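Below, subunit A partners subunit B and then partners subunit C, in two separate complexes.
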Partner chain A sequence: MKYERALIAVAIVVFILVLSYAVTLGAMGSTLPPRDLRLLAKLYLWLAINPWTRNLTVMSPEAVTSIVWDFRGLDTFFETAVLYLAIIGTVAIYRGVYASSKSREVPISEDEVGMSPIAKSVTKITLPIVIAVAVAIALHGHLTPGGGFQGGSTAAVILLLVLVVFSLQYSIRMGITKGSTLALRSAGLLGIAVTSILVLILGLLVGCQSFIFQNQPKAYAPVGVPAFLDGMLVSGTLILFNIFECLAVAAGLTLTFILVLTHEEEIRSVMKGDRHE
Partner chain B sequence: MSSDFHLVAYLTGIVIISLFVNMGVSLYGMFARPSLIKKLIALTILSDTANVFAILVGYRRWPPGSIVKPPVLTELPPTPERVARFVSTAVDPLPQALVLTAIVIGLAVIIFLAVIIMQIYRTYGTTDVRLISKMRGERR
Partner chain C sequence: MKRVLASVAIAILTFIIYIIFSGSVSPYDLLTACAAAVLVGALTGTFVVAEPAKALNPLRACHAVKYFFRYMLIDEVRAHTDVIKRIVSPRMPINPGIVKVPYYVNTDYAMTLIANSITNTPGTVVVDVDKEKKCLFVHWIDVKTVKPEEAREFISRVFEEHSKKIFD
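Let's look at the complex of A and B:
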């Protein structure tokens, strides 16, 4: 056992030394940090907002969001699929555990469950503030650092705080249930799916060529979502993607928090049922 | 200028060295620690280290007389000069875009693994992999 651990330690040290030496020699394309950007990065930066190259630009000053939802939109689509497969896996492990069934019957007031009134008051004050910040992060995703993922995570954090401070029972009575978060998450995912084929549908209606994940008009596909709405920069599909992603991430993560916080006895009773099958 | 350069080189060196040390520690934690919880903690450290490393690969050296900017054009409306200056000072946006999704996916995967570990604890009464492997599926 001791030799095994020493062997593991030596192997890891050798691996790290080889890796660091390779990086020093320029395995990442150049020495770190690079003196200049790669051509690809320069093209991304150049085309993020470039009204003189209408066929290639995204019309968003935020280069990261334009990569995430336009240049490499399909990548993000499948990364979102991985995220929701993990959440679906969590839901599948907790199959048969209905977090709402028992708790709904017992009428409880706010004071009987959860943490102290101080914690509750502070949470009540911060809840609207954090939700406003989350929505602002998501809605400004195409203008400033941030976007749907970050906004959704921010909203999920305050919802986790609500679940812990007000207790799961009370939150379920207030409507934060497995079903409602699942429905919100599905609505967000449906929105992302529809937005990804929005321009394709437009192209079919107009009768010209168009692509999946198309945003602005391209050379042989002259349809697109307008970049300006009433003089305001919305960057076409980017704002829609950010809104739906925010909704889906916030609801999906809250769903897993609800499942993780489910009462131990309830899960034990379901597992006992498994055993007697 | 020269002292600035030395400071930046020193700080960058510290960041890179601590990244590799972090990587080694977290790999050791994942392979050698028997507790599943500690393996999960080591995995989160490893994924964060990998994310920071990806950001570092997309960073760029400070050009003389200016500072590096985030990949966001802050001067609107865009003119050709502004966009050209933006391209010459901004860092690589691609690693940031990949890390952005990696963080959120990592969060979901960590929740999934935590739920599996909780379920293993409920079933076996322990998170020690040496004991679990000896149980061979027998419930406690």
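Let's look at the complex of A and C:
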């Protein structure tokens, strides 16, 4: 037994050493990217915020967000779609299960369910603090590293903590239900979808050319979302994408947590057909 | 009224945290901080704050700041030195055990502050709490006494005095 452990430890060390040696020798290919790739990177940095080339810039000092929600916005849209397909899959598997809908009628006090009062107090104080940080991450997505997805995940973490510490039953009484999170998530997704065709609609209304996922006015499509709002930099569609993505991610992840935390007997009784709503 | 005041207390907290996290006070930050404060305050106010008069009392906030520095600079240092001595001593003078420590504060927040103060100092860890009998069960690296009142004198009396001023 002892020798076995030592053998495993030695094997891991040897593996890491060999791998890092191989990488240093160039086993993963050349360390330098090809020249034309570097040109692309240069262009991204050049155009992320550039008031002198208004036809090509995103007007956001945060290059990553410019790439994610503008230069390759369509890519991000499908990435988001993949995550939501996974969540939709979860909802579909658990269809008909309305987490502890019976217990909603029975009034329960905070002390009867969940973890210790110490865990509850700490979670209570942390809740507004973490949500404040989450909102700040999302709303500064076009200015500093972060954005809607990161902000939404941060908010989802504290909501998961509430679900676990206060128990699912109590959380449902407080309004964190399958229905409310599903509605919020759908509102967020709808917001993303509308924002992606916002400039297209504007162009149709004005009667000029425009594209999906367009942000700033382009040479042949002179419509766009304003980059400044009363002197404050909002980077056009980027702030809208970040707000809606934050909402959709926070609600979507919380929705899966609720479903995963549902009692197995309840799910089975629904799936067997004993109970349906 | 109570609900509104509770929301206001949380809105102020949210505003401060938002500004600290953003690290700037441009018009954009102030505006979005206000929006976030109103939103979070309205959503979580009544859940987090039961007695807004206490939460909005600046005297209690001052006590909290005072206690933070006292705790970090005096209690933490004292506990660390004690445990370091035990670690480096070749005889390893430890006498571990779990003791019952009563507390006499009424709110959950005050009790939580005591419990976290105990756990955060090395050498003592709260392992369980009994809200009905109002006592904490503390794992102690060097059990000097098993009598609850005497143990309280050693472990949590100072924490409790401050906690009472802040939360109770």
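We adopt the following convention: the second predicted complex is superposed on the first by the 233 of 277 C-alpha atoms of A that agree within 3 Å, B and C clash if a C-alpha of one lies under 4 Å from a C-alpha of the other, contacts with A are read in each partner's own complex, and residues count from 1 in each chain.
Assume a residue touches a chain if its C-beta (ideal position, glycine included) is under 8 Å from a C-beta of that chain, and two chains touch if they have at least 3 such contacts.
Keep in mind it's a predicted model, so treat the numbers as computed, not measured.
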Applying the document's definition of touch, where does A:Ala22 land relative to subunit B and subunit C: first, second, both, or neither?
neither
May I ask you to decide whether A:Ile201 touches subunit B, subunit C, both, or neither, giving the answer as first, second, both or neither?
neither
With the two complexes superposed on chain A, say which partner A:Asp111 touches: subunit B (first), subunit C (second), both, or neither.
second
For A:Val14, using the defined touch cut-off, is the partner it touches subunit B, subunit C, both, or neither? Pick first, second, both or neither. neither
Original post:
Regarding the shared-chain residue A:Ile129, is it in contact with subunit B (first), subunit C (second), both, or neither?
Top reply: second
Larger residue footprint on subunit A, choosing between subunit B and subunit C, goes to B
Both partners, subunit B and subunit C, contact subunit A at residues 233
Residue positions on subunit A within touch of subunit C in the complex are 111, 116-118, 120-122, 124-125, 127-129, 131-133, 135-136, 139-140, 174, 230-234
Within the complex, subunit B is touched by subunit A residues 5, 8-9, 12-13, 15-16, 19-20, 23, 28-29, 32-38, 40-42, 44-46, 48-52, 61-65, 67-68, 72, 75-76, 79-80, 82-84, 86-87, 89-90, 93-94, 144-145, 147, 149-150, 152-153, 233, 249, 252-253, 256, 259-260, 267-268, 271, 275
Subunit A partner, complex, touching residues on subunit C are 10, 13-14, 17-18, 21-22, 26-28, 31-33, 36-37, 39-41, 43-44, 47-48, 108-109, 111-112, 115-116, 126, 128-129, 131
In the complex, the residues of subunit B that touch subunit A are 12, 16, 20-21, 23-24, 27-28, 31-32, 56-61, 70-74, 76, 78, 80, 83, 86-87, 90-94, 96-97, 100-105, 107-109, 111-112, 114-116, 118-119, 122-123, 139
